[in-house]
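The next block holds one structure in the form of structure tokens; read it before the comments.
Going by the order they are written in, the chains are A, B, C and D; count residues from 1 in each one.
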Amino acid sequence: MKHAVLILASVLLVSCKREERGFRVSPPSANEAMQGLRISTLIPGPHGTNDPSKGNALELTGDRGTNQPVHNDYEENAYAMSEGSRLFENFNCVGCHSHGGGGMGPPLMDDKWIYGSNPEQIFATIEQGRPNGMPSFRGRIPDAQVWQLAAYVRSMSGLASKSAAPGREDHLSGKKPESSTKTQSPKDSATPKPR
Amino acid sequence: MTRTSHLQIRDFKGDIPRADAEQLERVWSRPKGLLGWLVTTNHKDIGKRYIVTAFIFFLCGGLLAALMRLQLMKPENSFLGPDLYNQFFTVHGTTMMFLFAVPIMEGMGIYLVPLMLGTRNVPFPRMNTFGYYIYLLGGILLFVSLFLNVGPDAGWFAYVPLSGPHYSPGKRVDIWSQMITLTEIAALVGAVEIITAVFKHRAVGMSLNRIPMFVWAQVVTSFMVIFAMPSIMLASGVLAMDRLAHVNTHFFNPAEGGDALLYQHLFWFFGHPEVYIIFIPATGFVSTIVETFSRRKMFGYLGLVLSLVSTAFIGFGLWVHHMFATPVAELGQGFFTGASMLIAIPSGIQIFCWLTTLLTGKPQLKTPLLWVLGFIALFVLGGLTGIMLASVSLDLQVHDTFFVVAHFHYVLIGGAVFPLFGAFYYWFPKWTGRMLSEGLGKLNFWLFFIGFNLTFFPMHILGLHGMTRRIYTYVVESGWGNLNLLATIGAGVMALSVIVFLTNVFVSRKSGVIAGANPWGAPTLEWGTASPPPPYGFLYLPTVQSRDPLWSDKDSPVIVGLSNTKREVLNTTILDAMPEHRYELAIDSIWPFALALAAGGSFIGAVFNAWAIPIGAALSFLVLSLWFWRGNEPKFLLEGIQHTPSSPSHPSKRVLEETPA
Amino acid sequence: MTARSVIDVSRLPSTEMDHRSPIWWGNNLLLVIETTMFGLIVAAYFYFRVVDFHQWPPPRSSHNPMMLVPNPALTIPTINLAILLLSCFPAYIVDRACFRKQSVVVTLNLLITIALGMICIGLRFLEFKSLQFRWDENAYSSVVWTILGIHLAHLITGTCENALMAAWALAKGLDAKHFRDIRITTLYWFWIAGIWVLLYVMIYWFPRW
Amino acid sequence: MQNRTGTSLTLNFRLLLCIPIMALTGCSGMQSALNPAGAQAGRISGLWWLFFFVLTSVYVLVLIFTIAVFFRRHRSSLPLAPELPHPPRERRAQTIVGSAVGVTVIILFVFLFAEFATGHSLQEQPEPGALQIKVTGRQWWWEVQYQDPTPSRMVTTANEIHVPVGRSVQFQLQSPDVIHSFWAPNFHGKKDLIPGHPTTLTFKATTPGTFRGQCAEYCGFQHAHMRFVIVAESTNDFQTWLEQQRQPGREPGDETEKKGKEVFMSASCVMCHTIQGTPARATVGPDLTHLGSRPFLGAGTIPNNLGHLGGWVLDPQSIKPGVHMPQNNLSPGDLRALIAYLESLK
């Protein structure tokens, strides 16, 4: 009987974490480690004076983020991932990645990851930008929103928790929603030749 | 098969064989202990459980309402955040409509209709038990999810696309839609029971024009349930399919041809009959109480029955008055305005008939009648604001504002909860054998009446001053602070009055005045048996020669010859209730409880995974086959449990301690 | 109640086969509920047709070459309808035999009805493909798949109920009570077949008119 | 009291009654159905007072009969013997009830005709020269766009509508996300904005003044703070306002405002907001070109001044929890400059 209660308690705990509506919650603590250098000179919006790397050469040697994986608990939170999918559209990520199928940018719903599929690696990719056109959003998107975007991007290939992943959207039925995507175990792949 | 319908009651002659009360008690009572509690199919046990469980949900809903009122007490209050407030008002609305109002009215019907018809149980006893457990499961699901911060937060009618998969992440609305499915199954089960009982199990001689008003109200409500509930089950089921992973249908996706207005049509086609499903049984309580306490036959019996039936029919034709602000065609709106005003006529006839009965009789102002007078005062005000809402132009100004909140609380609390309290005071002696105290009763009434008006009358003014519904707070500049403070104080007074009622119940259960079989001198059959009634109901099944048997039937014969080794009742013809054939009822069985777990479990599983439906269905069918295969073997239960009839113990032991464990 | 005269009902029959027994009323009330449910889903089908779609069924762009007028195919559905109507005959024989309490005739025809029922279920799974759409492409496909799905659930329930009755007849033989129960399940089967005729015409022929 | 001509007749009754209600609810006449400032709201208010007086008198009548029961009560504790029916009395009662039902039916028909008359007058088509305004309800704010044949003269603003007095205005209502409901009680009833069903609402302001409107259909966390200001003013005031709104964003005057513009262009503001005449063109959030001229921030939640704007930019979640604007960690210097720049955008 005791085990039943324990299992029940754990299930209940998971469910209420999924349903947390965290409006003013602080994002995972990994963002200090992720500063690294800005790799892409592309910056959304006009160039402001306080962009450190304005105009200087492209440093390709920027580190790709610390190696120990960071757990992004937004991936168990339904509200955070639905915010992530809203931001994915608002910040025009769909312009290059479309709804995960790729276009100018690489597809995000398949299992091939060029710059790593761990949450902090995706965070670094968004923060620092990547060659071939991925702009650096540091200073443009607050960290909490970047982590929400990272959680949503991971849910596109089924890496986030299925019960918390966003369901069907009120748009044209292009692809399966994230909650019904099969988990694609991530594989690293080489940098594609710039088109 | 001898055709007996042409015979008149007077033609039957014979002497009375000595009825064996102990044998009847042994055949009809349930096994002892927890298993007995689980397997019982006695309509009095299930009816009492429905009433007690629904009243507990009423208290929970009332608590949520009190918390909401605390949040709205002053502008820009930070007692509740928006997320919690949205969950509270949704669960408050859902609890009051689906877990309190409909079940308690059906619970009263399940307890009282068989007694008023002069029979021993409902026609399908095990299905009745199943209905209660499915309802209980739905209620537990809703409140456990509220405590886990998974409470539904899209409003009690969960309009799409806010409740859709895109704008309601997580499992909150899924839990709402599965809970709807569970409670609606219970309502449908109750409705089928009551309709079949009234058609087939009426006392000999109770032709259509001798059916008591309470039973008329219950059977009309049951027909409305039969036609209204499928609409909400379809709307919530299809919404769940839209939201569920691996299903992802597009019923309400505007981009793929879906339509948010279709959801509103489907919901309100159920929604408006639902509020009449709550109100019409209350008219049954009022008719019964008015007839008993004005000491005269009901005035305009035919008028009342016809207005019940016409309310039911028109009730299905006016759902679009909830959607006057949506882009629905103007001609359609005109039709529904007409229908919405038309339905005021039958309600008006009922009010006039009750007032005439009271004013031409010798009214005795006991507590039940006090509640009925409160009902007339408040329901008429709610009805008149309803006529205002029926007009499209006025509705455009007051739709979705606190004016509407005031309107439907006047017609639901004024129209249904007041008669319900009156009914508690009226039938409590029958349930427990003891009278509720008149002093506490009057205090309870006046506190509730004053608190109610303090709370909800200012909301009319707030609504006209632009305060919209379902806002968790309002800006200081709006100027709504004073009236909201007044409303919160009123809510406190109402809470106090409910506490007075609870003390009255718990005190009187043990030490109330002993009530005999008929403390109020009432005319209907349920007052012909002991209080609390034994498990078999009547020693001899009664017959009826007039509309008020206990008042005007002098020596109507009784029914003998039913077997006393089996649970047998008498089936009678539909029109003039002549004896037709004997009908053996099923005995207590564990399978209804098992099926409730299987079916309920499959619906709750469907919140998380679509495969729970086929697997759950297979499991439920397996349990159903066992129910069919083993259910009606008398040997199974009678041998298994040492069968000692529960002694006809002191009346006070029976009622409220059987609250669910 | 000091009652002097009395009505002795011990000589009345104990079960009835027709509308006089409460189970008949209970089953018919269930059919009224299910008919209301199907009526509402048909109303939703026509609501979509009138309000939300200019072309019914909508062109299917996710299939190449693009199908401009993806009317549902007719062959399998028509066969399925024919078999379902065919299965009504053994069911009718069962119904009449129940009155005459011929348990052999009842059991035999019940087994035939079950067999035909299972063929119908099998064909129904094929029939889903003749709708030309997946269920999650648009509102048309969602409502049409839901209608077929709910009717499939009824087919399965009806067949399983008949199977349960046949098992009881084979294992324990039939007394009056169980003849009445079999009449109830055959009545339910007539309703399943009847409602499918209407739905079949609506789904497969209405888009063509 | 036919409603169209009867509005003046009921006017003085209304004032008589309004005073006690007004006292209780403070100066909330700005968002009230009882204080019409438009032709349509006036007709509805006339119909309201017709219903109000007739139904109040009916209610008083019913109350009298209900209280009469108290005076006919019998104080015996034991239940009295039930009465035998008394035919003449029954017939008299039947005539009374019959006539009461007849009166009810007549009153209902009067209401029905009054309703159809008012309803039809509300539905009539706007004059050809009506002002066209497209209002888009988004999750928890209103995007208002004044239509104009030449696109460059179109004005986009948020949570603030100016309408000329005496000229009918047609609102084209649409919603890209959930159902909202556009309601300015002083001018007209509400109209739901349903995704997939664009619709229109037409009214004509008659008395100038500043009023409030609110979203009336539950639309999520901040449904409570989805308010807008509606200002009815004379035609030339309206034209000057519209002309002023057509200007691009004012160039920063002094040093801090220049720095503020820099901060705006490099912080996360540029990802969602638009300032006409600057490279910031995102349409996720409201258009801030003339933020300084607006009376409120956050869709009518907080008054628009330096202090509130600073608090709002730093942490909108503490003011409107659940709103889609994120918290921004800006250094105090940047924040002060940013606010100075935004307030300068008159």
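Just so we're on the same page, contacts are C-beta pairs under 8 Å (C-beta built on N, C-alpha and C of every residue); 3 or more make two chains touch, one makes a residue touch a chain.
From a predicted model like this one, the values you see are computed outputs, not experimental measurements.
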Central chain (by mean CA position): B
Best-connected chain pair, where connection means C-beta pairs in contact: B-D
Separation of subunit A from subunit D, taking each centre as the mean of its C-alpha atoms, in whole Å: 40
Separation of subunit C from subunit D, taking each centre as the mean of its C-alpha atoms, in whole Å: 51
Rounded Å distance between subunit A and subunit C, as computed from the means of their C-alpha atoms: 49
Residues of subunit D whose C-beta touches two or more other chains: 177, 195-196, 221, 321-322
Sequence positions of subunit C contacting 2 or more other chains: 52, 136-138
Multi-chain contact sites of subunit B, meaning residues that touch two or more partners: 83, 161, 167, 248, 250, 253-254, 256, 258-259, 261
Arrangement of touching chains [line / ring / star / complete / other]: other
Chain pairs that touch, as defined at the top of this document: A-B, A-C, A-D, B-C, B-D
List of subunit A residues in touch with subunit C within their complex: 168, 173
Subunit A - residues contacting subunit D, complex: 21, 23-24, 44-51, 83, 86, 90-91, 139-142, 144-145, 170
Interface residues, subunit B side, partner subunit C - complex: 1-2, 4, 9, 12-16, 123-124, 127, 188, 191-192, 195-196, 199-201, 204, 226-227, 229-231, 233-234, 238, 241, 247-251, 253, 256-259, 261-262, 265-266, 269, 528, 540, 542-543, 555-563, 570-571, 573, 579-584, 617, 621, 625, 628-629
Subunit D to subunit A touching residues, read off their complex: 177, 195, 221, 262-263, 265-268, 270-272, 278-280, 284, 315, 317-318, 321-322, 324, 326-329
Residues of subunit A that touch subunit B when the two form their complex: 12, 15-16, 18-21, 23, 78-79, 81-82, 162-173, 176-177, 179-180
